[in-house]
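In the two complexes that follow, subunit A is the common piece, with subunit B as its partner first and subunit C second.
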Partner chain A sequence: MDIGLLGQYLANGVMLGTMYALVAVGFTLFFGVLDVIKFSHGDVLMLGSFTGFTVYIGVLAMGIENPWLMIAVILIVSITTTAAVGALIARYLVLPLKSAPPLNILLITLMLGTAIREAVRLFYPDGSNPKNFPALLPTASVDLGGFALRADSVILVGAGIAVIIGLNLLINRTRLGLAIRAVAQDEETAKIMGINYTLIVLVTFAIGSGAAAFAGIMNGLYYNEVNFGMGLLLGLIGFSAAIIGGLGNIYGAILGGFLFAGLQTVGAVALPFASAYKDVFAFGVVIALMAWKPTGLIAERSSDRV
Partner chain B sequence: MKFTENRRSFLSFALAASLSLGLAGPALAKETVKVGFIGPLSGGVSNMGLGGRNSAALAVALRNQDPNAKYEYELEPLDDECKPNVGVQVATKLATNRKVVGAVTHYCSAVAMGTVDIYHKFNLPVIVWGAVLPDITYGNDYAEVHRVNGTMINQNETAAKFMTEQGYKTWAIIHDTTDYGKGHNKYFSQFLTERGGEILGTFGVTSDQQDFTAELTKIKELNPDVVYFGGLTPIAVRIRQQMDKLGIEAQFQGVSGIKSDAYFAGLSGDLAEGTVTFLEGAPAEKLPGGEYFMAEYEKAGYGEDFEAYGPFAFAAMSLLLDGIEEVGPDRKALTAYLADVNEHNSITGSVSFDDHGQNTVALITTYVAQDGQWVVWEDSEYADGTRKLTGK
Partner chain C sequence: MSSIKIENVYTAYDKADVLLDVSLEVVPGKITCLLGSNGAGKSTLIRSILGLTPPRAGRITVDGQDITGAPTHKVIAAGIACIPEGRRMFPKLTVTENLRLGAFQVADEALIRERMEKVFDTFPRLAERRDQLTGTMSGGEQAMVSIGRGLMGGPRILLIDEPSLGLSPLYVKENFRIIDGIRDSGITVFLVEQNVRQTLAIADYGYVLSGGRVVAQGTAEALKDDKEVYAAYFG
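For the complex of A and B:
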C-alpha cells in the first residue's frame, strides 16, 4: 500500500473520529452532571441535522446565496434549537425522574429517541427517503499521490476539533465549567455553595445537545446526505466511545471517539474477510477493552461510585 | 277472502320474480367463482400493493363484462403489509376458504417465502405478481406456485451481458448483507465471470451503514472500471456521494432496488447522471399490451397509479381466469392447467412456465439516469452516442 492511500485512510479515520468524539462528549457531559445515560442523543443529533436542512431550504427561499452566510445561519439556528430541545428533555423528562431508578431514565430516553426518529420519518415531507444536504463548503481538492485531500474535509475536521477544544476550555477554564464540575462532583455541596443546580443541569444538556447538532450538520456537510435513521448508529457508537474512554471524562470521550474510528478503519482495511464485519470487529474490541478496564481507559478521578 | 289475498300476493311475487329474471338475464345463470389477491395494501410499499390490487381487480372486472365468460368472478383482496407474519395469516385465510379457486399473490419476497408452504399444503394454485427472489419458485418443488415476473437471476444475466457489451472489463462489487443484496452479488458475480468480466473485490456492507470511505478507499486502490452496488436506494445514494468525495472515477451500476425517484432526491448536482440500473418488466407503454392496459386502467378511474408491477398483476390474474374458464373452478385442475402454460398470450408478452412454475420469458429493461430521471436505455442520449458512460 502506498503512502497516498495510507494518508486517505488516515484522513477518513480522523474525520469519523471527530464526529464520534463530538457525540461521545455529549454522553459524557450528561453522565457527569446527572449520572444518567440519555439514549435519545443520537436522534437529537438527527433532529439537529434536519433542522439545519430545513433552515437551508428557508434561507435559499429568502434569496441568500453566500455559502458562508448560509452555513452561519444554519449552524446558529440548528444549534440553538437543538440545545433548547436538549434542555426541554432534561427539564421535563430527566429531572423529574432523578430519584427514580436509572433504568427508568434510560428507558424513557430510549423511547423518546424512537419517537423523534419515527416522527421525522412520518411527518417530515417525504421523510423516509434520504435528503440531499447541500455541499456548501469549497470542494477544491489537492491530489497528493492517490490521496485526494479536499478543502471541505479539512475545514470540517478543523471546525470539529475547534469545537471539542472549545468545550474542553469551557468545562475547565470558565466559571460555568467550574459550576458544572462542582455539580458533577457533589450535588449537595454544590447547592450549599449557592450554585443553581437546575440551571446548571439544563445548561449542560443544552451544551451537549448543541454539540450533537454541530456533529449532525458536520455529518450532513460531509456526506451531503441526511436521513431519519442516521442517529441510531451514531448514538450507539458515541455511547461506546464514551464508555471505553471512561464515562464522565471529556478526554476519555475524545480518545474513545478516535479509537473507535481507528478500529472501524482497520476493520474495513486490514481484515482479510469481508468488510461487513468491520462493526463486529470494532464493537468486539470495545467489549474486550471494557472487560479489561471496566471504568474506561481514563477513569474518573473523583469517582464516588463503587 | 283470505285465500284470494294470498293468491294475489303470490301472483305479484311471481310476476316480480320473473321480471327480475328477465332483466338480469344471463348473470343469474352464471356460477360465482372467488379468486384472491394478496399484496401490501398498507405500510411503506403500499403504493405498489394498491397498484397491483387495482390491476388485478381490473382484470376481474373486464372478464365479468365479457358476455362469453362462463363464470361470474369475485375478487377477495387481502393485505399482507409486506410482513411475513401477517402474510402467513392472510394466506392461510385465503387457502382455507374452499370457495377460493386461485390467487395472485405477493410483492415482497420475504412474505412470499413464508407463504408458499401454505399454498402447497392447501393445494391453492397461486401466481406471484411482484416478488423477485429466485427461491420463491426455485427453492421448492411446489406445483401450486408460479410467477409471471422475472427474478434477480434474469436481471443480473441481462446486467452482465449489457455491461460487458459496453466494453467494461473490471468490477468492484458492494452489496448489502441482506438476502436481497447477497442474492444480487451471487448471480451477478456468476454471470459476469461467465462473460469474462473480472471482479477485483467484493465488499459486504450493513444496510444502515453511513460511512463507506474505508471500503471506497480500497476500491480506489483497486481502480475498477465499474462499481456495482446490490442493494436499495438510501445506501446507493451514500455510496455514489462518497465515491465523488474520494475522487473515484468509475461507472456506477445499480440493481432494481435503486430504480426510484428517491435516488435523484438524495443526490446533489449531476452525481446521479449516467448511473445504470436494471428492472424486471418494462414501462407499461413499452409492453405488447401496454396501451390497452393503460387505457382500461384510466377508464376504470382508480385513485392510485398502477406502479411498476401493476401490469404483471393484471397479466397474472388474466392467466388465472383463463385457466378457470378452461378447466372450471377446481384447484387441482387449475394447478394442472398452469403446469402446461406455454407461450400464453398476455399484456406483458408471452408467458411460459418452466418445471418450477417460473416464467422463462423474462422481460428486463435497462435504465440510465439522464437529467434527473430514469430513461429506458434505448431511448436515452447514451444509446445514440450523444452522451457517454464513464470511461467510455
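For the complex of A and C:
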C-alpha cells in the first residue's frame, strides 16, 4: 500500500475517533451521575445536526455569507438547543424514573430515540431524504507525499480535540466538575455537601448533549450530509466506545472512541476483505474485548469515575 | 446562637414507621445528644432534618425558619452541616477535594483556603496527605477528613451521626475531645450516638429515643443516673 493512501486513512481515523469520543463522553457522563444508559443519545446528536442545518438555511436567508460567522451561529444555536433538549429529557423522562428498574429507563430512552428519529423523518421538510450539509470550511490542501491534507480536516480535528480537552478540564479542574464527580461517587453525600443534585444532573445531561451536537455538526461538515438515521450508528458506536473504555470513566470513553475508529481503519485498510466489512470487524473486536475485560479497559476500581 | 426545633415529627419509609412522634429542641451553643440503640430511629431523625427522608408530618425549624421537607441543599444553606455516619468519604477524591466539597456553598476562595489551613492545623496528618485519595486512607484518617469537611462550610449547627462507629478507642477519645472543642468555638452540636458513657461526658443536654419516640430527656448529669436510659438499650 502506498504511503499516501495510508495517510488518508489515518487522517480519516483520527477524525472519526474524535467524533466517537465526543459521543462516548456523553454516555459516560450520564452513567456517572445517574447510573443510566440513555439510548436516545445518538438521535439527540442527529437532532443537533438538523438544528445546525436549519440554522444554516436561516442565516443564508438572512443574507449572512461569511462562512466563519455562519459556523459560529450554527454551533451556538445547535449546541444550546441540543443541550436544552438533553436537560429536558433528564428532567421529565429520566429523573422521574430514577428509582424504577434500570431496564425501564433503557427502554423509554430507546423509544424516545425512535420517536425523535421518526419525527424528523416525517415532519422535517423532505425529512426522509439526506440533506446536503454545506462545506463551510476552507478546503485548501497541502500535499504530503502523495496524500492531500485538507485544511477543513485539520480544523475539524483540532476543534474536536479542543472540545475534548475542554470537557476534561471542566470535569477535573472546576467547581462544577467537582460537583459532578461528587454526585457520581455518592449522590447522598453530595447532597449533604450542599450540592443541588437535580441541577447538577440537568447540567451534566446538557453538557453531554451539547458535546453530541458538536460531534453532529462535525459529522455534517466532514461528510457534507445529514440524514435522519445518522444517530443510530453513531450512538451505537459511541456507546460501544464508552463500554470498552470502562463506562463511567471519561478517559476510558476517549480511549474507546479512538480505539473504535482505529479498528474501523484497520478493518478497511489492512484486512483482506472488502472495506464494507470494517464495521463488522470493529464490532467483532469489541465483542471479543468485552469478553476479555467485561468492566472495560480502564476498570472502575483503578480509576476515577467520571 | 442557633438551634433546631423538631415538633411532632412522623417519618416512615415505604411501609415501616420509624419516627412516630418526635419533639425535641437542640440547645443553642451546646452539645445536645440523642441516645438510643440500633434501630431506634436516630439516623432517620438526622435524615429527616437534612431532607433526605422528609417527614410525613410535623415541623422542623432552624432559628424559626421552616425547613420541613426542604431539599437538602437548602437545609445546608440554612447554616447546617453534617458529619454523616460511616464518614462517607468520596473515595476517589483527594483530601483537599473532599474538604472543598464541605465548603461547596462558600463562594469566597480566601475563606475556603483559610478554613482549610485551620483543618490542617487541627489535623497535621491531613496536611501531609492532602493529595491522597481518601479511599486509600485508614478509618481514623477518614474520620479526620469527615470532621474537617463538616467544618469547612462554617456551619452554625453541626449534626454528627455516630462518630465513634468503627473506630479504635484511641480515635474515639480524640474525636470526642474535638467535638468538645467545636462546641466551645460557638457551634451548636447535635450529637447522635450509641456510646452512652462517653457521649454524656461531653454533652450538655440529652434525649433518649426508643421505638420511634423520645422516652427520656434531661441534662447530661441527670441522664447519667436515669434508668430509662439503660432501659432504652437493654429493654
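Basically, the second predicted complex is superposed on the first by the 300 of 306 C-alpha atoms of A that agree within 3 Å, B and C clash if a C-alpha of one lies under 4 Å from a C-alpha of the other, contacts with A are read in each partner's own complex, and residues count from 1 in each chain.
By definition in this document, contacts are C-beta pairs under 8 Å (C-beta built on N, C-alpha and C of every residue); 3 or more make two chains touch, one makes a residue touch a chain.
Note that the coordinates shown come from a computational prediction; the quantities given were computed from them, not determined experimentally.
When both complexes are overlaid on chain A, the residue A:Leu233 reaches subunit B alone and has no touch with subunit C. Contacts of A:Asp186 after superposition on the shared chain: subunit C is touched, whereas subunit B is not. When the two structures are aligned on the shared chain, A:Ile161 is found in touch with neither subunit B nor subunit C. Contacts of A:Leu178 after superposition on the shared chain: subunit C is touched, whereas subunit B is not. Within the superposed three-chain model, A:Ala276 lies in touch with subunit B and out of touch with subunit C [touch as defined at top]. In the superposed pair of complexes, A:Asn196 makes contact with subunit C only, with no contact to subunit B.
Overlap of the subunit B and subunit C interfaces on subunit A comprises no residues.
Against subunit A, in their complex, subunit B makes its touches with residues 44, 177, 202-206, 208-211, 213-215, 217-218, 220-221, 233-234, 237-238, 241-242, 245-247, 262, 265-268.
Looking at the complex, you find that subunit A touches subunit C at residues 175, 178-179, 181-182, 185-186, 188-198, 303-305.
Per the touch definition, subunit A reaches subunit B in the complex via residues 1, 5, 8-9, 12, 15-16, 126, 128-132, 134-135, 141, 143, 146, 148, 150, 153, 219, 222-225, 227, 229-230, 232-234, 264-265, 267-269, 274-276, 278-279.
Those residues of subunit C lying in contact with subunit A across their complex are 50, 52, 71-73, 76-77, 82, 84, 88, 90-93, 97, 100-102, 104-105, 149, 153.
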